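Starting off with a structure, shown below.
By letter and in written order, the chains are A, B and C; residue numbering begins at 1 in each of them.
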Amino acid sequence: MNNIFAIASVVLKEMYRRKDFYVLFVLTALITLVMGSVNIFNDDKVVRYLKEICLLLIWVSSLVIAITTAARQIPAERESRTIFPLLAKPISRNQMILGKFVGCWIACALVLVVFYLFFGVISGAREHFWPVVPYMQALFFHWIFLGIVIALVLWGSLVFTAVSSNATICFIIVAGIMLLGGHLNQIAGRMNGISATITSAIYYIIPHLEFYDLRDWIIHDRGVVAWGPWLIASVYGLVYSAIFLGLACIAFRRKALTL
Amino acid sequence: MTRLLLGLGIVSAFSLSTWLQPRFAAMQTNPNATDSALGILMGESSRVFANHFLLKADAYFHSGTYPSVFDTVTNKEPSAIMGEAHADHDHDADQVHGKDEHDDHHEESIYGEPHDWIERLGHSFIPTLHTHLDKPGEAREILPWLKLSAELDPQKITTYVAASYWLRHDPKHADEAEPFLRQGLRANPDSYEILLELGKYYNETKKDPVRARNVWELAWAKWQKQKAADKKPDELTGAEILGELVKEARSRDDAHSQIQYLELLKDLGFDKAALQQQIDALKQRSK
Amino acid sequence: MNAVVEIKDLRVEYPSRELGQKTKVAVNGLTLKVSAGEVFGFLGPNGAGKTTTMNVLLGFVNPTSGSASIFGVDVREPIARQRIGYLPELTYYYKFLNAEELLRFYAKIFNIPKSEREKRIDDVLKLVELDHARTRLIKTYSKGMQQRAGLAQALINDPDLLILDEPTSGLDPLGRMKVREIIQRLKERGKTVLFSSHELGEVETVCDRIGILCQGELRAEGRVADITAQHQTNLERVFLKIVGYQEA
């Protein structure tokens, strides 16, 4: 545990000494504010499009931050050879993976808190009401989502050699699941034979990342999400993170650490 | 691995460019090509986005319920906002194409029964209940998307008509319908649809039937011009223009004009017998 | 005397990079013991397998066959590394940390209690003479300074066994002497040191025993005096002879 947090704290330190997050945050804030100043038929109460744009930017930025940060961790350790003095310490490779995961995940939590605070202020300033609980539910879901993504990317970084190809592949997988994941059963229903079987197998195997997208829910003020399903989906997400982390540990255990 | 990705990238770039090239060529020769800055900037894709934003407006109108192309259980076509607009409005207009099956299905899932537990769970996190933005002023939320759609594809007539419908039904925005419709008319000078909507604006919002009649007559002339040019104008819209003219004439007790428009309406082929009855009755009265 | 490092019949093969080629044998049938309190010098030409052997001891590379243990614990167990200090051949450290933070990070992993941690950091920084640059980011260090930072992190847990891969490379003459002094002092305190070097003079002065590795095989092993006596010539000549250099 001690080791895991020691590694995580280094990830966090790197995070705030790099400029990526600040740039993305300023960009998000700037675009949102510019869009907010557009004249929509002289009505300054129109708010949902602004929430939509702001949330879209938040989702894209956080995904970019999560993927690039996680994808870099282990390859950078190997490239700069910092992994040698590190693993020469009494620390297991599993602990190193977990530490990297925890670090990236906590970093993302901080990023999300900043982003959602901005979102809350912007939307609240126009709507004059603050649905705190739904926003918290959305933030937590978003965080669970990023947890799965980080675990997936960490696993990918041990399978693919190049950081960029790993990041690209993970981005495509995540975007693909978000867009199509929930519809694969319907697609399978229209196919037949072996391809239908494969498609529905994929449908049941993949982590359904689209669950965690509460954007439409909070844009249209649908109130508090039912706690039961919310809890089930949270556990479901944690299970998938654990599976991907397990796979990452297995992939890392077999790896010889040379350049 | 890297080499494979590179290869994949080159192949996809190539196929994309072969797909795009004829489209670009077509656009350059098309004198009616989009003329807004954003539209030019985004090229051909702007039309795709414009359509997307129109769909977005529709989804907003239904508070986020947004059936995808994969959801077979859809009881409405993409331009449902238009449907709504006409439906509510046409009940009193005894028009031919009132969407009367459109309903009060509020508070009912549009996605139907989930097929499995994943879908069931997923439905807990997206708005699935079919509701409308019918609290006063709420409809304003769809306006940004309509504005964006018009910006991206000025030739898309649905956008103007839908926006105008919502604008003129909101007391705070009623006056903004006219400039927007005029903007649409500048981009589409031959659009009888926009003229029809403009007439409604004068008639219902501005209570200026004389002006409305002029606009509707112009709309009908445009419609006929398109018909003559064999451009297959929409017959339902044509009928609606004539319907408005009939109503307007009726309000002035102008039997002659009524008969004239009803005859035209009959030529369009809708419910000839009933129309003939009305014409006969009018002729009877004016004797 | 009990063995601190014990290597038995070690063989390490690297998978070849090019297709259709045989695997590369880096270490072949190496058997070696280093006893407590000893300073052992690893010699051998470039590519002999010194670094590979150390990598096995630290668990970076798995042996193809044979075994290795440290303090009687198999090297694949993380706990085997609790009492080791290691300086890699090429040292680069987290660019976004300064020396102090780097040492604090490693100290945490060694579970050094908070009360002791800061004092230990002060001590090693003073020892390697980086005290003045402790809050500067490591990426701004010169090569020699980075090497010293590496040495500092190897000493942070007050290890009983030090594994140093070419500790003096990149250091100025004064720095080298300093490293020799450190090794000497550690030896006086009963620590065991295993290090590799290309500096024959240095090895001669500080080592109790040496091993000469060539093409993955241990060609000679023993006290410097014994080896030179056996071949009746100085260490340099012995080395050249063992690696197969023919004098004109």
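In this text, contacts are C-beta pairs under 8 Å (C-beta built on N, C-alpha and C of every residue); 3 or more make two chains touch, one makes a residue touch a chain.
Just so you know, these numbers come straight off a predicted model, no measurement behind them.
Line, ring, star, complete or other: which describes how these chains touch one another?
Shape of the chain contacts: a line, open at both ends.
If I average the Cα coordinates per chain and compare with the overall Cα mean, which chain comes out closest?
Taking the mean of C-alpha atoms per chain, the most central one is A.
Work out the mean Cα position per chain and let me know which chain is farthest from chain B.
Farthest chain from chain B, going by C-alpha centroids: C.
Cα centroid separation between chain A and chain B, in whole Å?
Distance between chain centres: 39 Å.
Between chain B and chain C, what is the gap in Å from one C-alpha centre to the other?
So the centroids are 78 Å from each other.
Spell out, as numbers or ranges, the residues of chain C touching 2 or more other chains.
Residues of chain C touching two or more partner chains: there are none.
Once bound in the complex, which stretches of chain A touch chain C?
On the chain A side, the touching residues are 2-3, 5-7, 9-10, 13-14, 17-18, 80-82, 84-92, 95, 256-258.
Contact residues on chain A for chain B in the complex?
38, 40-43, 45-49, 141, 160-162, 165, 168, 182-183, 185-187, 189, 203-204, 208, 210-214, 216-217, 219-220, 222, 225-226, 229-230, 232-233, 236
Considering only the defined contacts, which chain B positions touch chain A in the complex?
Going through chain B, the ones touching chain A are 1-2, 5, 59-60, 63-64, 66, 68, 70-72, 115-116, 118-119, 121-122, 124-127, 137, 140-141, 143-145, 147, 167, 172-173, 176, 180.
Touching residues of chain C toward chain A in the complex: what are they?
My answer: residues 14, 55, 58-62, 78-82, 84, 86-88, 90-97, 101, 105-106, 108-111, 150, 153-154, 157, 163.
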